[in-house]
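As written, the chains take the letters A, B, C and D, and residue 1 is the first residue of each chain.
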Amino acid sequence: LLTMGTLESSHLGDFINIVFGLSSVAQVVLGRQNFGQHLSINLGFGIGVTLGIHAAGGISGAHLNAAITITHCILGNLPWTKLPAYVIGQFLGSFTAAATVFGLYYDALHEYTKGNFTVTGPTATASIFSTYPSPYMSLPGSFFTEFLATAMLLLGILIIHDEKNNGALKGTQALLTGILVLGIGLGMGMNTGYAINPSRDLPPRIFTAIAGWGTDVFTAGHHWWWVPLTAPTLGSLAGVFIHKIFIDFHNLPPPAMGRDTFTRSKYSI
Amino acid sequence: LLTMGTLESSHLGDFINIVFGLSSVAQVVLGRQNFGQHLSINLGFGIGVTLGIHAAGGISGAHLNAAITITHCILGNLPWTKLPAYVIGQFLGSFTAAATVFGLYYDALHEYTKGNFTVTGPTATASIFSTYPSPYMSLPGSFFTEFLATAMLLLGILIIHDEKNNGALKGTQALLTGILVLGIGLGMGMNTGYAINPSRDLPPRIFTAIAGWGTDVFTAGHHWWWVPLTAPTLGSLAGVFIHKIFIDFHNLPPPAMGRDTFTRSKYSI
Amino acid sequence: LLTMGTLESSHLGDFINIVFGLSSVAQVVLGRQNFGQHLSINLGFGIGVTLGIHAAGGISGAHLNAAITITHCILGNLPWTKLPAYVIGQFLGSFTAAATVFGLYYDALHEYTKGNFTVTGPTATASIFSTYPSPYMSLPGSFFTEFLATAMLLLGILIIHDEKNNGALKGTQALLTGILVLGIGLGMGMNTGYAINPSRDLPPRIFTAIAGWGTDVFTAGHHWWWVPLTAPTLGSLAGVFIHKIFIDFHNLPPPAMGRDTFTRSKYSI
Amino acid sequence: LLTMGTLESSHLGDFINIVFGLSSVAQVVLGRQNFGQHLSINLGFGIGVTLGIHAAGGISGAHLNAAITITHCILGNLPWTKLPAYVIGQFLGSFTAAATVFGLYYDALHEYTKGNFTVTGPTATASIFSTYPSPYMSLPGSFFTEFLATAMLLLGILIIHDEKNNGALKGTQALLTGILVLGIGLGMGMNTGYAINPSRDLPPRIFTAIAGWGTDVFTAGHHWWWVPLTAPTLGSLAGVFIHKIFIDFHNLPPPAMGRDTFTRSKYSI
């Protein structure tokens, strides 16, 4: 029963997260830029993350993103035995979300593609559901992009929630995390579509393989599919360790003598 | 007198909500994309909802959206005898709003249409006031779109206000609900114009029938007009039941043993 | 000295408000849409209002907008003897702001206009500083637009600050008021440029008359200049009275019996 | 050790700040406007500042912007002996950020420029990293732009944090400061790219000199490079003094008699 609760919580959170994200891509692509532009996609994923966090509760991101869940296991915050329930919940959530967005845009997909669902070409639509690297990208560059973007995601989540330092007001952290994801999309999204989350990428990819796009979804982009699983996980760990190092330096000087005497003083320009 | 208070509260809330929404559509359509693009419409409806909730008070959405009011009646939160006062208030509010936006853009409408108010064609303007499905849409697809978008609306409202789980900071929920509606417009708006609210759609449609667009507003889109009344009501109910199911699973494990020991623990990466 | 304090407070608030607003118009016009689009202007004025309220303090809008200051005098909230200090402060603030934005974009203005500052024509730039009606507008329509937009502004301000009903979280009201002004620009800005404030419009107009645009700034648009002084003042009064009427209806039923038993009940779908 | 803590705190804050900012410029430039428009850049820098403040903690801006740090030293809020640690931390942060964004867009840069990194011309890319004045700008005009924009930045920061007057809700000030920077970009960014911060501009410029753009980055724009160091510092001081003057006038009348009796009265239209 515990496991079911965990699974369902992650399921609902990622379902909401991914429905908002994927549907905004669909509207931009299938609407031929008349119903939104690239900014809409960045806003859609940001709003999805904010709502997903409100739905899933608890530690921001941990319930929505397998890379962050695994990081918690490695750090000892979460027993490894609980990992499968979280990840299965997330994967069910985003698979269901992909199916829902497919149903939502079933008519538009057929009108746009004439029934020919492809991964590449002028009416490619697979990128509505999962990420693909841009044509100019090398594999190491793509891997680094996902690694870096996820490291920035974790750094952002940690500072937004850092109550000892200068975190965001309690109850507004989900909003700030959405703004963080908006920022990642604005600046780190062009190379690879910013998966930054295995749970956001793999299940919709599997869905497209089944729903008519075929095995191209796994071979495209030099077999890109495994990168959004591994690079974000390493990036998540890197983000946590960078934060640890900088925070450890912070905490070395006693508050009465160090940097804090300046930063904690009454604001008095 | 009670009824008058209820009616007036819903009236003011939906008047504000719909004036902001419809006027932003008018500005984009009549301004030929020079005074805003599709994003402006999504922002306009989001801001309208935020302000409408601040005006109408109480349970977010219940005073602005007949589908949500009916859901409250079905769930026993509101006596059926009060339903008419709410719905009449909402309908008066959005009818008045449509008339106000018509007055606001009277000059621009005549300049844009040369006085020929039509539902379809290159200078169609009926969609400023009420929703119509896109040409590529089937009726089942359109029905499903409104059903799904309203289910997502309810899911969003419920998680934003869920103080037991991870809701938004009190006093910021109206803002978050506006952001939710922005997200629905970004991702679920292309197919049918996201009515997601009978009170937003029918009264402005009646207004256009009277004000010069004629009975086409009821026959267009395969007699589309009844779908924004029924699909959102079913979607609202579905959203509540999905939330109930997932929340019930959540609450099964006692807090000391279950998922909550993880999620409630001090944030400690 | 009291008067000086009042004057300076309004001066600083409107200086900030108008510098952000006018400079965003300048950037869109002089940048030929490459450095922002219409949405930028709407965002610029919204952010200006938020910052202006933080600067001027006290009752939102009262220190930034002569129409609202006059409304306070008529309602007996502010002695008429104090009106001049507020209005002079506001006018000095927005005049200084116009001069500042003129200085900021001096090089760009000359590059764009070849030194020929005009109110109309392909390189018209007077609308960077003050508002002009669109060519298709009639004078009654323009007057109604400013009347309505200001009435909506007041309605919005009053509901955002209504702590008895469902106002915004204290300390976030300036942000919400900026979002309100963003919404007005998105939906009610095309006809007349949404002056909605005599203090925002007349002093920059006087500045342009002096700085090289000549007396055309007063004759253009059928002598439009007096409308942003009168229509917002009447609209502000109308907004307050509409709010009073709807709020009075609200407060008639005693809380234990009326609408409030529903709206104040625990949120419990 | 104290110095290391200070240095690392500023390092992390500006690293985050500048990665979000520069990467959003890169995405717009290298993506040929298909992955964002000018607004994306304004949003990217705004989000970067918000996150940078959450990371660096303490007095907003002091840890991210050498102009503000120097202002604190001049005002006696910070000992001059601590200045080097702050500035070195900021410079390391933004240098590292420039290198990171260079790595992130290494493939895209080569595809866009065919390996020819230039400061001017049709495929100029130096402006991804540091600022350059627009071709139409005179040097005095450019200097004034950076001076004014930074003065507005400081005015904004001070009023957002002014708890005695009408500041923003505690815990939301980082968000408001990001919105302030968004507003500066919307209205004061076209002339010179709104450096408004020596720490944001010089280290990425040095990076580009090393990484392949050559010494042109220092000679371009009439040796523009020194202006983002000096003009923001003077502007920061000016902003503080303007605030002091207006606040001093405010505080002269005793609260019981002066302007405050109006502004502090219960909100009661």
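The rule is simple: a contact is a pair of C-beta atoms (placed from the backbone, for glycine too) under 8 Å apart; a residue touches a chain by one contact, two chains touch by 3 or more.
Keep in mind that this is a model prediction, so the values were computed, not measured.
Under half of the residue numbers at the interface between copies chain A and chain B are found on both sides, making the touching surfaces mostly different. Superposition of chain A on chain D using C-alpha atoms only gives a rotation of 90 degrees, nearest 5.
Using mean Cα coordinates as chain centres, the one most removed from chain A is C.
Separation between the centroids of chain B and chain C, computed from CA atoms only, is 28 Å. Between the Cα centres of chain B and chain D there is a gap of 39 Å. Within chain C, the positions touching two or more other chains are listed as 37, 39, 169-170, 172.
The touching residues of chain A, when paired with chain D in their complex, are 37-39, 42, 134, 136-138, 141, 144-145, 148, 152, 155-156, 159-160, 162, 165-170, 172, 176, 179-180, 182-183, 186-191, 242, 245-246, 249-253, 257-260, 262-265, 267-269. Of all residues in chain C, only 1-2, 4-6, 8-9, 11-12, 16, 19-24, 26-27, 30-31, 34-37, 39-40, 43-44, 47-48, 50-51, 53-59, 62-63, 71-72, 75, 77-78, 82, 100, 103-108, 110-111, 158, 161, 163, 169-172, 174-175, 240, 243 touch chain D in the complex they form.
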